[in-house]
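Same chain, two partners: subunit A is paired with subunit B first, then with subunit C.
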Partner chain A sequence: MTVVLDVNWTVKWLTLCAQAMAEHRIELIELDRAIGDSDHGENMDRGFQAVLAKLDEATPETPGAALKMTAMTLMSKVGGAAGPLYGTAFLRAATAVGDAAEVEPAAWALALAAARDGIVARGKAEPGDKTMVDAWTPAVDAAREAADGGSPDLLSVLVAAAEAAEAGAVATDPLIARKGRASYLGERSAGHRDPGAVSTALILRAAVGAAA
Partner chain B sequence: MSVSIVVVSHSEKIADGAVELAAQMAPDVVILPAGGTDDGRIGTSLEKVLAALEQALERAGGGGAVVITDLGSAVMTAESALEFMGDPPDAVLTDAPLVEGLVAAAVAAQGGADVQAVKRAAEAVRGPAGRPEPSLPEVVPEGPATGAAPKCSGDFELVNQAGMHARPAAKIAGGLASLDAEVTVNGVDGASMTALMMLAAGKGSVLHVEAWGADAERAVDYVGGLVQAGFGEP
Partner chain C sequence: MKKLINDPKSVVHESVQGFGLAHAGLVTVSEDPIYITRKDAPVAGKVGLVSGGGSGHEPLHAGYVGKGMLDAAVPGAVFTSPTPDQILPATLAANAGAGVVHIVKNYTGDVLNFETAAELAEAEGVNVRTVLVNDDVAVEDSLYTAGRRGVGGTVLVEKIAGAAAERGDGLEAVVAIGERVNANVRTMGVALTACTVPHAGTPSFDLDENEIEIGIGIHGEPGRHRIPMENADGITDRLLEPVLADLKITAGDRVLLFVNGMGGTPLSELYIVYRRAVQVLADAGATVDRSLVGNYITSLEMQGCSISVLRLDDELTALWDAPVHTAALRWGM
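Let's look at the complex of A and B:
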């Protein structure tokens, strides 16, 4: 059965995101305690639980509507810097997919790029600054490459993005933070994985789960 | 129709307190706090900021709104709120210290300044004019960047007991913000309330006012009138 990126997929993705944030809450807190203010796990869990509550209230009609609702909810409930950053990512993705009932794999790759561009515009971080951008950028590149292939199917685009984001998160270990709270630590931030890059990988991995 | 102001802070108490402080100097300006998260924690909330912005724009009746923020993610939340609203042209973000910038902005808005002038007033707080040496009237720089001689100038002796302090500085800066003129008072930016306060000019000091621009004459008359009337103080 071919998977399509429709509103059912989107709702399932967001549900799996919430599950992943709850499961990895402690891990994200520990990562953030080492180089930040230890609230990332708490904040992301609260944010996505609020998204779940919104989904219970009303089922969105399109993927774009679901993404926009998520943007609004994360920006309002997360509190820390991750709120406006992920909120902007979901908002830009929502704008990119418009009101389509089904999103083509190539269009989804573009939506991921729009999300990443939103994060960069909002947070002003560049690749190598040890932030979530270091997970997003390889994910966007990998998704585009997968979508550029002969007959792109959704699952291969989603898998490519998730794997690249996971590798990108691991690759933040040796980096010295130049943005966000961790940048105050300077060289002492090296040797720790960036929590924002990890939560990005979790979100993009959940997207694969939603297509399974 | 005057400019409204929205204060975005991580702390509800900071936002409320800053609004209370600024309202004392600008009683007619709509200043709305958007501090803390929805459930009263430290952080910022898009919903709170959106609600405050919408109300600010509505109550400004076309005058526009200026947003002033504290730390990093408050800026991001404010930017996101503007993006959500489709970047309304009459709403602008300022890059200014929260308390000093807000007071300067509120005073400028009270004086009838437009959105851009209110933004400038807030941002001028930490500009080069923010830390002047208390200068004597005779050591006055040549004028603004152009070096052109002022179109109009005047010297006025402070006659009120308290001399230059917050309220007189607010009156001068607020009034000048709405005029089409570049004004220096003893060499500092006349539209910057903090710069004026830092002149530390006491009773008997002479203020040397220089003005450039279309409203130069009105600007000098305005400052002179206020000083000679002792700012309405004993």
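Let's look at the complex of A and C:
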């Protein structure tokens, strides 16, 4: 059965995101403890639990509506830098998909690019600054490449994005942070993985799970 | 981890409840969303002052709500900036029509969340200006970092800008005073131990028994470098040297000297540091005209201190001396 990016997929994705944040809460706290302030896992878990609670209250009608609800919830519940950054990402993605009932693979690749652009606009980080942008940018490129193929299917776009984000997160290890709280450490930030890049990879991996 | 808490998830909520009960004559506490306002807010004709940031720095910021200082404070989760859904109602509650100044410590999260809240407040017709505090000389290379952090100087900005608002200065004038304080204050901190965030359960960084961390911020984040333990005078010299250099302190300057405890250092030790700092300033030809010593912007139970030096002029001195009545600072009334 071909997977379609509709509201059911979106709700399943968000549910899996919440699961992933709960499961990896301690890991994200530990990564953040090394180069930040130990709050990323706690904040992401709290934010996505709030998204789950919203989904219990009312089922959104379109993928765009679900993404917008997620944006507003993360912005008001996560705090730190991650709240406004992920909030902006989901809001830009929601705007990109509009009120379509089903989102084509190529359109989803564009939505991911819009999300990344939103994060860059808000956080002013560039690739190589050791931030979540280092997971988003390769993911956006890989998704676009997969979507540009002859007959793109959704799953291959989602897998391409997840794999590239995971590789991008690993590639933050040797980088010296230039944005966010890790930047205060200067060279001492090298040798640690960026927690925001890891949470980005978890979110994009959950998208694959929702299509399985 | 041993802490006087019930549940790591309810630390901020229960602490703010207690604060409201203890200072019921001074403040009103909103619990959902969490923010604290001055009892008589909004004060007719007065510019409103709102600050906020992660919890764990008490008495910052709620302890500075009251006459002559802040109109509202917005605490986030421990070491996490508050969210726009808290900052917006606090801003509206502080607004008497003369506009509101957000005093924001320069951290990525605080800046982004206050920026969003300011946009929302503007959309509701409130004039919002922001004073960004970035007094931490530990962060050397601003181009390749998120910029200097707001630390000890924040308390001085809140007191002096608060006094300016209280005497009836307009929106732009209060902003100008706040920026003048920020431009004339520098701070450097040291940690002897790390601190433990309640929900994390383990110390925020690992420090050996005989090591200290120079150039720490206030969120348990590690500092610039780590050196072997020294005596109080040695550490004081080490902290003060970059502060005086960056501030370009010269003979004849009058200053306010602020020795701040990070939460776990006894006042007796802070006074040992203060004593040495006065000597060093005297050697540089500067006069200490005003002082503040104590735990005013903390990092949970961290041992350590920060030293802030503010270059004074007659107006800033008068505003510092102006009456203030908050939970953590009170004089002149």
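The criterion applied here is as follows: the second predicted complex is superposed on the first by the 212 of 212 C-alpha atoms of A that agree within 3 Å, B and C clash if a C-alpha of one lies under 4 Å from a C-alpha of the other, contacts with A are read in each partner's own complex, and residues count from 1 in each chain.
Following the convention adopted for this analysis, a contact is a pair of C-beta atoms (placed from the backbone, for glycine too) under 8 Å apart; a residue touches a chain by one contact, two chains touch by 3 or more.
Everything numeric in this text was worked out from a predicted model, so none of it was measured.
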With both structures lined up on subunit A, is it a clash or a fit for subunit B and subunit C?
clash
In the superposed arrangement, which partner chain does A:G79 touch: subunit B (first), subunit C (second), both, or neither?
both
Across subunit A, the partner (subunit B or subunit C) reaching more residues is C
Between subunit B (first) and subunit C (second), which, if any, makes contact with A:R33: first, second, both or neither?
second
Looking at A:L91, would you say it contacts subunit B, subunit C, both, or neither? Reply first, second, both or neither.
first
Would you sort A:R122 into first (subunit B), second (subunit C), both or neither based on which partner it touches?
both
Please indicate which partner A:Y184 is in contact with in the superposed arrangement: first for subunit B, second for subunit C, both, or neither.
second
Residues on subunit A in contact with subunit B in one complex and with subunit C in the other?
75-81, 83-85, 122-123
Subunit C residues touching subunit A - in the complex, by the definition given at the top
54, 76-85, 107-109, 112-113, 115-116, 138-139, 141, 144-146, 149, 197, 199-200, 202, 204-205, 217, 219-224
Which residues of subunit B touch subunit A in their complex?
37-38, 41-48, 72-73, 76-77, 79-80, 83-84
Flag every residue of subunit A that touches subunit C in the complex, lowest number first.
29, 33, 35-39, 42-43, 46, 75-85, 122-123, 176, 178-181, 183-186, 188
Where on subunit A is subunit B touching in the complex?
72, 75-81, 83-85, 87-88, 91, 122-123
